[in-house]
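Okay, handing you the structure first.
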Amino acid sequence: MIGYGFMGAAHSQGWRVAPRFFDLPAEPQMQVVVGRHPGAVASAAAKWGWEESATDWREVIARDDIDVVDIVTPGDTHAEIAIAALDAGKHVLCEKPLANTVDEAEAMADAAERAAARGIRSMVGFTYRRVPAATFARDLVAAGRIGEIRQVRAAYLQDWLIDAESPLTWRLQKERAGSGSLGDIGAHAVDLSEYITGLKLASVSGVLDTLVTERPLLGETIGLSGTASAERGAVTVDDVALFTGRYESGALGTFEATRFATGRKNALRVEVSGSLGAVSFDLERMNELQFYDATLPPLEQGFRTIYVTEHDHPYLAPWWPAGHMLGYEHGFSHQVKDLVEAIVDGTQPRPSFADGLHVQRVLDAVERSSNAGSAWTATGD
Amino acid sequence: MIGYGFMGAAHSQGWRVAPRFFDLPAEPQMQVVVGRHPGAVASAAAKWGWEESATDWREVIARDDIDVVDIVTPGDTHAEIAIAALDAGKHVLCEKPLANTVDEAEAMADAAERAAARGIRSMVGFTYRRVPAATFARDLVAAGRIGEIRQVRAAYLQDWLIDAESPLTWRLQKERAGSGSLGDIGAHAVDLSEYITGLKLASVSGVLDTLVTERPLLGETIGLSGTASAERGAVTVDDVALFTGRYESGALGTFEATRFATGRKNALRVEVSGSLGAVSFDLERMNELQFYDATLPPLEQGFRTIYVTEHDHPYLAPWWPAGHMLGYEHGFSHQVKDLVEAIVDGTQPRPSFADGLHVQRVLDAVERSSNAGSAWTATGD
Amino acid sequence: MIGYGFMGAAHSQGWRVAPRFFDLPAEPQMQVVVGRHPGAVASAAAKWGWEESATDWREVIARDDIDVVDIVTPGDTHAEIAIAALDAGKHVLCEKPLANTVDEAEAMADAAERAAARGIRSMVGFTYRRVPAATFARDLVAAGRIGEIRQVRAAYLQDWLIDAESPLTWRLQKERAGSGSLGDIGAHAVDLSEYITGLKLASVSGVLDTLVTERPLLGETIGLSGTASAERGAVTVDDVALFTGRYESGALGTFEATRFATGRKNALRVEVSGSLGAVSFDLERMNELQFYDATLPPLEQGFRTIYVTEHDHPYLAPWWPAGHMLGYEHGFSHQVKDLVEAIVDGTQPRPSFADGLHVQRVLDAVERSSNAGSAWTATGD
Amino acid sequence: MIGYGFMGAAHSQGWRVAPRFFDLPAEPQMQVVVGRHPGAVASAAAKWGWEESATDWREVIARDDIDVVDIVTPGDTHAEIAIAALDAGKHVLCEKPLANTVDEAEAMADAAERAAARGIRSMVGFTYRRVPAATFARDLVAAGRIGEIRQVRAAYLQDWLIDAESPLTWRLQKERAGSGSLGDIGAHAVDLSEYITGLKLASVSGVLDTLVTERPLLGETIGLSGTASAERGAVTVDDVALFTGRYESGALGTFEATRFATGRKNALRVEVSGSLGAVSFDLERMNELQFYDATLPPLEQGFRTIYVTEHDHPYLAPWWPAGHMLGYEHGFSHQVKDLVEAIVDGTQPRPSFADGLHVQRVLDAVERSSNAGSAWTATGD
């Protein structure tokens, strides 16, 4: 595993727990975690249960005893590491976003395609696809239960920027974060809605905005946070992204990614309206799926709250009895399961790097549309 | 009252019930209802409790014993009737939309202004402002309880068109309906969100679409509905309207008006995100307001479901004890109350014709933006 | 109409509105309202739209031009008035509870039976049966959609007594109120649950309690409320009633009636669990019914929120389009409709006085059980 | 760890994960798992990550390298193992219920008290206390935020027995299961409600019932389930338990434990009504707490949905960012954390064996009350 931040903790939990619950066709060994600072990465290795730590990722991907490289570093480093690892014959799991630019993402998708020809697998980490209720939404849609899709409403609502005096952290500076709400959380809304619907966005019209343009600079940095100083600096990423999309099928989607939705903590929402029904998912109630079946007798129709915790629901079999809830990190175990199975079976795991590239193109098209006065812009697939 | 369709029933109920519950400063007399077909309008008069019926609205507005003219006819007739009534010195209540075109709406607003100088009052019927929970949302916002407004999410979701085989009624034909989802329900989303926030939309970027472009022609007409024939005709109004708006303050709003939101029957929703809190209203749970107070201790924050049924909540005093719910038609009693009070007090009732004109300009700007590839378009106020 | 308090307002609204929306087989005339205080009752007549007022109910029920007597006086007067009216050949609508004692209720049921033999109808005013969602719950149960009934959970939760310093009003004094939470709101829970299930309680085990036993005496009385004085008096009615019931079928029910359910304003809740499904109703969301269909595919089961506002739902046809909500007072229009139809059709309206007597017997059995240490007590039907 | 069923999996997950997220003062080693069948227990050891397996628990508790014994066997074996382990100087974690009888539970509580005098700790596994939202409910109550407690509504609703043809498994036979819904899930309702309120039940009146008294016998057993045969056998445990309790403070509680609540999968609910507010928890939405603050301005009061996922909420600090949900098994990590800290700190972990004994006495009192016609029965503490 390259990197060891918040995502490193989540991925480590996935690697540790998945083999205990799922009958994997191969047993993962948590061998080595890589980071720049020797002391910090050694601590991380101990804390998250990796055998060794290292500081040079190039050495690690050259090792014969390493089969899989899991990349959880910041987005601007993904391309270099992933391409090198794939070229070195390692299977790669890369955290989202695939890359910070479309160019990098294209290079990665190319590398993935070349590697696949040699049996080397790659996958991008949109784990919300593996929340059982979201997976089950996809199953219902794929089975035709909502008929022809007419509209999609997708949003990722957070509120951690509502205070205009909250300080200017690195996440609000373009040169370091690469992107703002669009790339960070909008990417999830795009991927999850395309996953559930099976549709692909062909063009978009949107606007990126920075509602609070100046914030106090950080004074002394203390850990990940810090104290505000009296000086102010410019917020250089978008904190709100709003766009409308047209799918190849002609259906319409609305998208919102914001850090200003007061009271909404982590509301990744996807509602799909079809000719025969609808599904509605909200990550804040991640064990539930709302399903509306318009083929029932008219007087009996209504949104149904399905607790997606039954033994036969997606991914549920090895966990707990019906009605016992799963949490955020279970998606990372499901990701490990699917990746290991795909590697052993020799199949393409999804979302592929090509899927990740598509999301990147959508985000890029939104940015270009915003710069062009919200003109409709093709995603360019 | 001119006209006697569905809205006529609702307005009649308002005129009949308001004086029983509110201590009005004047006692309305339900004198005469006007319609083109003598038999039908006489039946309506009997059914809805009007003293007389008539077929010529010009004669009626010329009568000395008529003080108030309530217009519930289709939108294309509003301007002529309202202007004539105002010029004749009658107070006017005009059902929304104010008119079918901006030009007509401007003429009406001019007439209203002229009339106001002579003490003649006019008001447009956006009754959802008078759902107590919506009014209370406005009160909280106006009191500064949610701080500076950052974003608005407004939608009016219905689903009566999801079946592509449902027939081509007059509401789907531009020459008769004037407008589709945008004018019919989008107008409510615009007005209610501006009412709650006190903000005014300065420009918009949007798209109108017709997702099902052909539908079976009606065969034999039976009452308001009819049977489908084998032939098909073109749907000539929008059935989905999606747009983003910029308020004069710089805040952003997203808007959706659709008849394809499967499972959503009458979901007029407005959520306002501010620097200190949020309010969220849904007409499908019209007695409730969701309020988030971001000034409470962080561990105790959450959306609060307020049942807006207390004696001291807006409009509630004369109704029932706390916890006893109001319904759709109560807004029409509240409208009568406010209109009668304004007439007697000599104040301008709201929403005024100028307010109605503004909504019309927003809708017009959306249509022009849609025709211009979603280019940002000023509302032109 | 005899009496003119809060219930008088609601009944008047029913009589006024029902004929406007329903095609009644006879046209009710709101003739005369009766009360003890000439000035007050005359005001009430004017306010609520009755032709005349009177102070002697005996004279009124002797009048030839009176066909129906609607009794909305306190419970201790119901028996005398209702029996006299029935004996005088008047159809009677009597507000719940039927009476304050089982003896009175029996006399009334006897009188009703005698009157029925002469074509004279009587009905008791449990209007919550006529909330469309509750009626629809009954329809689903009656159609076998939830299978064999196993359990009922019924509660009526209010919170207006949580403050121990709220004053000792007449509703807390047995000699004036007759009964506390059990008779006032528990009666609704019993009637509504038996209506929805079609089951009859055979025996009960329960406890009545007074959680706050002393409260400040009222000082000067101002309108319906008043100011607290420094002295205290004893609360002599129950403020909480908890009981378990066994239906004749063997099914079990739990019941709670309380004025101490902090935050619950008017939560009359009935959930019925059956072998094939469940229905769950809550008066605080009176336009919705929760329905669980256990015959659907197991992975797709969930409680479904049905908005009971479709044209073909019970009582809905003459009201508004789907998704437009009804409120508290609509039940009174539905009551008028059903009563007038039953009178004209010559059928027995429900709930009958016999139904009201049964509820009274259940309440009486609860009280006796409470006095006997919660021993199981037959309802004695 | 003695035993390795469903609870063994959950406990193993707790032991494995807790040290990765919490900074424990001692590092647990997952040494040996014990079971009767050598092959099965060896498999379990491998699957759940224990170093060794063994078949004789007496030998294991005699080992010097074992410090903590975690008992997850059926209830009838708890007493013997726990007492032996405590006497051998091992800290003991014992899954609930503490025992199948009050006598056994008393012996265990005695052994725990003796052991505590020697610094040996013991704890019973009511893990739902460690769902953060439940812990936070307790915190609010303990801080006086809901004032004086008036009423408690507690229920544990499941529905896996609604089908009368579902077979007669061992859980429905008293000689094997020891108890039915009362002991299995009612115990949780009692413990959790006493934990949240800090109150103790003094007496109870209740009824146990078996709604479906005969079920098909199991034919061939396949894994944990099996096929139904044509023969039928008697259900010998309660499948519904309903009771009312009086706390020492005088407050009242209602309790329901049932496997017939159609559509309710795992709804452990506790609502506490106080003079200043209320808290309401539902395990089916385990990351949320409903809080009603009756000290807020009256027009603004409402139940607030608090997502108990903030960094400073109980147990949350080492997990994920706000808005990222926890699941069922996290309670087992929290349990390990609290137990290890108590052992190292030399304090009494809660719930203690004395707490477990009290729950047992409450259950026993309910059973005796049921046998005595629901007569009020002291819990005998």
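Going by the order they are written in, the chains are A, B, C and D; count residues from 1 in each one.
Going forward, a contact is a pair of C-beta atoms (placed from the backbone, for glycine too) under 8 Å apart; a residue touches a chain by one contact, two chains touch by 3 or more.
No experiment lies behind these values; they were computed from the predicted model shown.
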Greatest separation from chain A - chain, by CA centre: C
Pair joined by the larger number of C-beta contacts - A-B, B-C: A-B
Chain B and chain C, separation of their C-alpha mean positions in angstrom: 36
Rounded Å distance, chain A centre to chain C centre (Cα mean): 54
Whole-Å gap between the CA centroids of chain A and chain B: 41
For chain C, residues contacting two or more additional chains: 301-303, 307
Chain C-touching residues of chain B, taken from the complex the two chains share: 6, 10, 12-13, 16-17, 20, 47-49, 158, 160, 265-267, 284-286, 307, 309, 320-330
Contact set on chain B toward chain A in their complex: 146, 148, 150-151, 153, 159, 162-164, 205-207, 209, 211, 240, 242, 244, 250-252, 254, 256, 258, 260-263, 271, 273-278, 292, 294, 301-303, 373-376
Chain C - residues contacting chain A, complex: 136, 140, 291, 293, 298-307, 310, 312-313
